[in-house]
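Each of the two complexes below includes chain A, the first together with chain B, the second together with chain C.
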Partner chain A sequence: MAGLAAVFGSGAMTNSIEEIENADCILIIGSNTSVAHPLIATRVFRAKAKGAKVIVADPRRIPIILQSDLHLQQNLGTDVALINGLMHIILKKGWQDQTFIDERTENFEELKKVVEHYSPEKVSEITGISVEDLEKAAEYYAKAERATILYTMGITQHTTGVDNVKSLAHLAMLTGNLGKESTGINPLRGQNNVQGACDMGGLPNVYTGYQAVVDQAVKQKFEEAWGATLSDKIGLTATEMFPAVLNGKMKALVILGENPVVSDADCLHVEKALKALDFLLVIDIFKTPTAEMAHVVLPGAAFAEKEGTFSNTERRVQLLRKAAEPPGEAKPDWQIIQELSSRFGYPMDYASPRAIMEEIAKLTPSYGGITYDRLQGDGLQWPCPNTEHPGTKFLHQGRFTRGKGLFSAIEYKPAAEMADEEYPFQLTTGRVHVHYHTGTMTRNSPSLEREISECFLEMHPEDASELKVGEGDWVMIASRRGSVSSRVKLTDVAGRKTVFMPFHFLESRANILTNPTFDPVAKIPEFKVCAVKIEKMDRSDKSISSPP
Partner chain B sequence: MEFKTVLSFCPYCGCGCGLLLEVLDGKIVGTLPSKTSPVNQGKLCIKGWTVHEFITSPNRLTQPMVRQDDALHDSSWDEALHLAATRLKEIKEKHGPDSIGVLTSAKCTNEENYLLQKFTRAALGTNNIDHCARL
Partner chain C sequence: MSTKIKEAVRALLTEGKIKGFLGLREEKGNIMPYLFCDPKELDALSLGDWKKPGDTRYPLNQLMIKLAMAYPNETFAVLIRGCDERGLKELFKWKQLDEEKIVLIGLGCPDELAKACECEKPFPDSLIDGPKGEKVDSQKVAQVEGMDLDTRLQFWKAEFNRCIKCFGCRNICPMCFCNECSIEEDQLVGTGEIPPANPTFHLARAIHMVGRCIDCGLCEEACPADIPLRTLYKKVGEIIHQEFGYKTGLSVDEKSPFNIIEVK
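== the complex of A and B ==
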């Protein structure tokens, strides 16, 4: 979100899901859409049936390429070069939307200067994509009346994640594909309420609705509303908290419904940090590997056992209804939090989630018009500043949040850890269609666990034959952080020397291998590229999860 | 026998597909796609179709637990909450508010996320709050 915020002044999916099917060109980049967001993929299929050009840029031959007009198989971590290359071609051919650039953006000259150096030949060499395909992609995207961009973690989970996002935003501004139907730049959110957790101030630098903690007027507003003295010092991100524990600055953690022992990059390091804590409180619905390490574990209610709202990837706030009682003594998290807070000495006494939303609406301009009564139908899309407002289908109509869209010069930088002699393969990670994140929910769903119940490493058949490894054989995969074992699946989904592993499986935790080096601004680790070596294992020797 | 369907939303990816939970005698027994949802228009993916399975899993946590002698033991709410509040207070007093960090959840509701950041900022006194948006 930091990338979009820098260019436009706010970060969220600019357009709505239903608009995708009326686009004339869809650029999918770093998103395994049909696997991770199947119901958005459906809109892409419909657009294609109506004649849209679909471009998929992904280092792997992911299933959605079957529905594409063009697959750009870029080398891992070369997205900035690819996008600069597309902008170079667009400017050379004069396909830019000069009126949009003149009226709604600033700093165009700076972009132009840097993009000048990214000739198709140079970009082809960096990305591995042919000059012909680069030209075709630029033409499809720039010549479309309404072109839209869909992306996910394949773009953000890099040391250059913010650069990647800004580059995509530049491409959309250059061609005037913003502020109107079926265009835009659309991060597809990977978790049901990750948009809401951000909107609600579950971030170290902002209160609700992205109101900055360093802004004195904002601080005063919240101090008055909450009757408390607040800090104007920006807090630590999740990726900074674990190192802070290990260097002794952080002593206690409260973790609500998260499982960093499986989900975080270099997770052996996370485990070490959790062990070093003076106190760890975990609130969850299952006894996750993270909960196993806690001093106190509190049982929460699942989404179906409580009231409340979720905000989906298109900023739509939707109302949950209670279908059943939580099991045993489990309770809704909002009740747990207010009981904890009251005992801590800061009393909270909300009668219901409805009462909490009334307070949110009062303090949050973009949620100002959201009330439970108004959410009974299809929900409401923020910004929704007052109770007469119908909600907002797409953002940036007429003007950007920050006024003019800001171009900047972005140079390509390779991934932090490239393959070398000792670690000759590049590993990338992702999801499979039947599992979700750390598997806490899907691996407790028998019908899903039956489909895929163990980890696999996708490897090119030619690489496999060099290592004398066959389908289903066990291999040990090691990076500079640690090693894990997994069976091999032979496939040419990715190119030579690029391997893929899903990150759902505790038994073969891909995140033991991944590189925690993060983007300097967004602090997102480079999950999507790290260097590994692979050795064939004796079937009998499958020790898992050992440090190097 | 009492049967009803309850409108809800999928807890997996960010699409936010509408679904109907089938409830038989107070127990969730199945999932159906919502035909009127503007997002999914009567469709669900394989994960959405099976959300009732994890909710009713026998592995769900049903009781607070407290660590004693290096193992987690069942406890009462009173004991667990008292211990948590006391330990957090002690640590805040001894090491300052910024010695505590909070990870909120992209799986929990807006209201719960709001309350947890309010607790973090107003009660603990720190802005050390984040969640898995980066993961």
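== the complex of A and C ==
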């Protein structure tokens, strides 16, 4: 988000999902697409069937490599080096789109200077990818008529997350793969409505539609609409809140549909912060481990029990219709928020989600033309500034949101915590195909739980044999932050000394281990790389493994 | 919208011959299954986007089984095409539905759709509206059979490699009515991996489609990995026809060779 906003002026998937199937080259980087976004993987499969070149860059041999023409198995956290290396080759061979660079971008010379230092040999050394494969990837991507990039958390969840995203944006600009069909740079959102949550100002620095809280004109507009005095100071991100609690700067917290006790990096630290709160209110559909710690829990309505809209990864706003009444005392979130606000002395009196949508359209330029009446069938993609506007399939046609696309110089920086003598393994985390996030929903499903019911640590067979560990044996995994136990799964999906753990399981919380050090701009923690040590354990020792 | 179908259903409802009609309804740009119990609701009746291939259909027969279980003494009418009728005939034989308690409201498929489906019989006997189209021979099966054995195996393995084990093919299948499912047996197909055991997972399902698959194509439409399941099951049907002279869904009286043991 922050990375794309810096380069283009707006942070969202530039193109649409269906366009992927007409791309001539697809670069998938840091995305386990067929596992985490299966319906987007369908479009990749269709593009492949039509002859597209598919490049997958991932430290693990994930299932979608079976559909790829080339798998680049980079070392953890070396994405900037990899992308600089690709740009180096493209410039050396003269494969860049000079017209696009001249007409639509600025600061190209600065990029060129930095990229010059990333020779294929040097990049091969850093990333572990052969020079031959680097050259092949650069050729596939640069020579394609329409090349598109898909990425997810494997790119963003790093201390260099913003650098990674900017580098990808540079690669697309360098080759003119923006502002036209089946190209672009496409962050695939991990949740059905995370785009919508951001669009609605669920970030500490913006109101709806990314209108800055520091902008006085914006502030005045919202003050008039809401009849209230508003702050023009930027608030705290989620990752900044927990330290603020422990510093005594924050006393109370409302958590809505989140389970940070399982999902946040260094989650033991999060638990400590939650315990230190004077008051914790959790709104959720199940009693999650986070809700267990709350002073008050309010039951929310699930997706099928409420009305409203979801804005998906391709900026498409879709209408949600209620299929069943919420059980017991559960209420839709908007009603809970409205009642809370009224009791705090700011009465809210929206009659329905439709009434809220009318206000959104009035105050949000990019949602200006989106109304319930127009949201029949397939919905509308923002920007949609007025009620005659058909919505926007792809962004940046003819002009970037910020005017010209901005190149900058980005140097490779290693991950914050590299393996060393004491912690000789690099751990990366991710998802499995049957579970979603902290398992609040999926682990309540018998058919999904039947498929995978417990955590596992993926380990290279040669590393395992050195540790005298066999398939299914229990090991204790420890980082500088804590330790967890898990069974071992032998596999050569990743290289030597790189281990993987899914983060869905409360019993073996991968996020006890992960590094909370975050990207300086986006404040996103480095979930994807930390250093760990691993010891074989006696199965009967299991009880001692998870700290309380 | 078909006036003939609407009027046929209206008559059945008004005369009290059926408790309800299981069909499709369009609401706010979306088409969904709906049980019409009141003739006044029939203006919202829809045939879906039925004229061309690639439309979104629903397993109405599967819903019919649930409905019959909930209301065993009632009679219902159901919207069917040629393939759905073949399905009902098998479901009657397998005693999943009672022939006496179902009224068929038949709709014939246009040529364009019949060609895309390579349909054996693109219209039901109980035709009320729509064309009585010609049989279309399968090119797709012939194409795969044109490959030599090794190429063919590689072809299928590559197709199955895209599988994400969503069970969509089984879940949407109107002929999958077993209480226990072989492809959920972890001795046969290990859990936790995608793609699932290749080719065991898909071949196990194909074998269980013997004498059952009525070639409606819902599985292939539902498959998020675009695996040509229909081609695979068409071949299964062809083998049964060659070896046992049996065509699935052709008549209610002729027993399936896999259903010759009477259960009293």
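Rule of thumb we're sticking to: the second predicted complex is superposed on the first by the 543 of 548 C-alpha atoms of A that agree within 3 Å, B and C clash if a C-alpha of one lies under 4 Å from a C-alpha of the other, contacts with A are read in each partner's own complex, and residues count from 1 in each chain.
Just so it is clear, a contact is a pair of C-beta atoms (placed from the backbone, for glycine too) under 8 Å apart; a residue touches a chain by one contact, two chains touch by 3 or more.
Keep in mind it's a predicted model, so treat the numbers as computed, not measured.
Engineer: Under the stated touch criterion, which partner chain does A:524 make contact with: chain B (first), chain C (second), both, or neither?
Structural biologist: So A:524 only meets chain B here.
Engineer: Of the partners chain B and chain C, which touch A:67 in the superposed model: first, second, both, neither?
Structural biologist: Once the two structures are laid over each other on A, A:67 reaches chain C alone.
Engineer: In the superposed arrangement, does A:38 touch chain B (first), chain C (second), both or neither?
Structural biologist: So A:38 meets both chain B and chain C here.
Engineer: Of chain B and chain C, which one touches more of chain A's residues?
Structural biologist: Of chain B and chain C, the partner in contact with more residues of chain A is B.
Engineer: Considering only the touch criterion stated at the top, classify A:195 as touching first (chain B), second (chain C), both, or neither.
Structural biologist: Only chain B; A:195 stays clear of chain C.
Engineer: Considering only the touch criterion stated at the top, classify A:230 as touching first (chain B), second (chain C), both, or neither.
Structural biologist: A:230: touches chain B, not chain C.
Engineer: Applying the document's definition of touch, where does A:378 land relative to chain B and chain C: first, second, both, or neither?
Structural biologist: A:378 contacts both chain B and chain C.
Engineer: From the superposed pair, tell me which chain A residues show up as contacts to chain B and also as contacts to chain C.
Structural biologist: The answer is residues 38-39, 42, 321, 378, 433-434, 447, 451 of chain A.
Engineer: Could you list, by residue number, the parts of chain A that touch chain C in their complex?
Structural biologist: Checking each residue of chain A against chain C gives 34-35, 38-39, 41-42, 45-46, 49, 63, 66-67, 319, 321, 376-378, 432-434, 447, 450-452.
Engineer: Which residues, counting only chain C, touch chain A once they are in their complex?
Structural biologist: So the residues of chain C in touch with chain A come to 28-30, 161-162, 164-167, 184, 191-192, 194-195, 224-226.
Engineer: Write out the stretch or stretches of chain B touching chain A in their complex.
Structural biologist: 6-18, 21, 23, 26-28, 36-40, 43-47, 50-55, 57, 59-67, 72, 77, 80-85, 87-89, 91, 94-95, 97-135
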